[in-house]
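For clarity, chains are labelled A, B and C in written order, and residue numbers in each chain start from 1.
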Amino acid sequence: MSAGAGATLGEEAGTPVLALEGVTGGYGGAEIIHEVSVRVGPGEIVVLIGPNGAGKSTVMNAVLGRLELSRGRVRLRGRDITGTAPDRVVRQGVCYVPQSANVFPNLSVNENLEMGAYIRRDDFRPRMREMYELFPPLAERRRTPAGNLSGGQRQMVAIAKALMVEPAVLLLDEPSAGLSPRFRADIFRVVREINAGGVPVLMVEQNARQALGIADRGYVLVDGRNRLDGSGAALLADPAVGAMFLGGRGDAAGTGGGGTAPGAAAP
Amino acid sequence: MEQQLYGIFLYGVFLLTMGGIYAVLTLGLNIQWGFTGLFNAGVAGFFAIGAYTTAIVTSAASERHLGGYGLPVAAGLVAAMVASAVIAWGVGRICIRLRADYLAIATLGIAEIFRLVLKNEVWATNGPRGISLIPKPFEHLPEPWNQVGMLLLVFAVVAVLYVLLERARRSPWGRVMAAIRENEAAARAAGKDVERLRIEAFVLGAALMGLGGALMAHHIKFIEPNAAEPVSATFLVWVMLVIGGAANNRGAVFGAILIWTIWSTAEILSARLPPEWAVKSAYLRIFLVGLALQIILQRFPGGIFRERRFRTAPSSSTREQPP
Amino acid sequence: MIEFLNFYLIPGLVLGSIYALGAIGVTLTFGILRFANFAHGETMTLGAFIALSLATFTGWHPFAVLPIAMALTALAVLGMDRLFFRPLRHGSTIILVIASFGLMLMVRSLVQLVWGAQLRSFGQGIDLPWVLFDALRIFPKHVTIVCAALVLMLAVHLLLSRTRAGKAMRAMADSPDLARLTGIDTERVIVTTWIVGAGLAAAAGVFLAYDTHVESQLGFKLLLPIFAAALLGGIGRPYGAMAGGLVIGLVEELSTYPWIGSEALVPPGYKTGVAFAIMVAILIWRPSGLFRGRVF
């Protein structure tokens, strides 16, 4: 039941790798997202942006089967995975990096990667070597418990761990949250590198400017609904998006940490 | 024949009295677990404090233990409640913030410490031999009225407690308690002093356990440290509450009397078996009560009487999901 | 001085290694299944009685039948998990605590039903101590118990640090949610956890029974010191549990030594209370344990 993403990447361009079709749902009877549709095509980087509480992470949970859906479908490479339990979604190649608590703190870096390869039956060591090439700082700290690493390095472990199975699609929940600007740039560079290797990426981000900068396409979510979508460049250029998330003009959004989500600023 | 019926009647009165005392204990646990969600695994400890307190203040002077104050039973009952409440306040002050599992372990540990104290402080408690000849209310009355009097007293206590607790449940205090149990963060955000309210519930529950212990001491006229052994008190009371229905006072009383009836009927039946089997059947009885608890937990998680809510929650069975 | 070694330190080490074995199981179930298993003490009792029956039946040394007793106890515990814990796994964990509380009484009564309530012993004859330097008296049975406990702890270490199953256990103890999202087969990890915990519990029960005697209250007497050890070491941390067990065992025995004056520091009647007192103190002031475990 291993991922085997490489084999299916060459599918006809019409089938998205991941598609949410008009998904409505929430937790405990309270609906958070309404009629949300998101598509991730082969080889794409897709970014979800929106103010706090817009339901961005909830979209991720909908894919992972952690949401009660009242309407809509979730498809992975055309196959309906709506309501499949999280561990089984993961076994089908959806690799998810949560925003926080995304590494096993008492396990060493090496062991974290090994756990990332848990569902693989074959020899995962070549893949592990690739990961250490992708993240050189980790190679020096293989035996260090992940909990003792810096925030940026922990994020690298989390991503490397998720990539151990060669995913069909990589889900990143605010990978740059809480990182210093230097690490943030590193993370976005790494995301692009991973994507260049053929892995489609769906990413939720607060740092809208940087995220859209590397994105093929983006979706803007407001109050749990699709508000806007388009290519990364088009969204960056859109004055409405600028007003909402990019802190007006200037580059404050890229470096200002929390300054990117003035939830009240919706037009 | 008439003699035998009379004997059965007396025994029935005795058993019902015990059932009523268990109802007091179960109501006490219901305040803590049912209404507030505090996992007290040391019911037996507070029971023992109440029992010993009243034994010491009401019994006649003896060289074997502290006592000779000769107070009336009513004063003994009050003293028992106060003693349990004060100790519960101390325990609550330090333990109440613990998560449920940890609170369970801590209270079990504390109950064990109480038991060690009762066993070892021989000057006050007569150690493992316990305190006997504890006065019993109405014992100067002729048979059967002494027994009936005790029964009526216990049931009067249960009735009064039931009415008061039902009132408390519907009062603003009770609603806040329910709110804390349902959503602690929200209650905190609304400015409720959650710790204080929890301690209040813990203390109140413990006071009732102390009262139950005191009534038991007067009823059977004897108390010893192993009465605080988990099998006899804590476990039974928990089973009674879970089966009757946590967070429901009617369920607590009903569960206590039902389980006690089954428990003691099984005892009567097993007494008729040959001695070798009688011992074995006592173990079997505990096993079966444990099994009944498991079945209730799995099949009827709300108990026989479900909790009565103020509002209908969307669906109480859905689990909390990660946001 | 020599009295200190003979009557306090050595018994403390023996008791400590027994507690350590029990505490590993408690800490693993608490860390991985997220609930305090009150039935763990009874698992020890069960293991000790199974070993007693096996030893009586075969006439072998209790240590020779130990592996079979461990396996049978693990099997029994897996059955209990299937019947009583697994159906409740998706609800609130506190219901699991109540279930374990009920199971504790069920197992104990079953043990009493089958084996009776009287004291039994493995009856290995008189154990004569080795006398070293004319004064130091070491009982062979104490040496075997401590050595066997060390071997088992080493086995646990190898399991946790070298095998995929062991690493998955540690991962799940760290974060069950992430473990699930990583695709780790959590039910399988739970099965492994029960097997390891029950096996070690059986061994601890047999060791204590071999040192003293077998009785139906054996496990309950061990339960609170073992909870204390697990809490001291930090929940979910097996190495902490080992250290915690040793500390609790030593403190319990050493507390009755006349440290000040000629009276025992803690009256012997309160000896068992020392562990409870330490436990309550840890819960209140340092719930993450001395070695920084998780707090749930």
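Observations on the model:
One rule holds for everything that comes next: a contact is a pair of C-beta atoms (placed from the backbone, for glycine too) under 8 Å apart; a residue touches a chain by one contact, two chains touch by 3 or more.
Quantities reported herein were computed from a predicted structural model and do not represent experimental measurements.
With chains reduced to the mean position of their C-alpha atoms, the one farthest from chain C is A. Ranked by how close its C-alpha mean sits to the mean of all protein C-alpha atoms, the top chain is C.
Centre-to-centre spacing of chain B and chain C amounts to 31 Å, using the average Cα coordinate of each chain. Chain A and chain B have centres, each the mean of its CA atoms, that are 53 Å apart. One inter-chain figure worth recording: chain A and chain C are separated by 43 Å, centre to centre, where each centre is the mean of the chain's CA atoms. Chain C has residues 177 in contact with two or more other chains.
Shared contact sites, meaning residues of chain B that touch two or more other chains, fall at 322. Partner chain A is touched in their complex by these residues of chain C: 164, 167-168, 170-171, 173-175, 177-186, 237.
Contact residues of chain A toward chain C in the complex are 64, 86-87, 90-91, 96, 98, 101-107, 111, 114-116, 118-119, 161, 165. By the touch criterion given at the top, residues 30, 35-36, 38, 83-84, 87-88, 90-91, 93-95, 97-99, 101-103, 105-106, 108-110, 112-113, 117, 177, 220, 224, 227-228, 231, 267, 269-270, 272-273, 276-277, 279-280, 283-284, 287, 295-296 of chain C touch chain B in their complex.
Interface residues of chain B facing chain C in the complex, by the touch rule stated above, are 37, 39, 41, 94-95, 98-102, 104-106, 108-110, 112-113, 116, 119-120, 230-231, 235, 238-239, 242, 279-280, 283-287, 289-291, 293-294, 297-298, 301, 319, 322.
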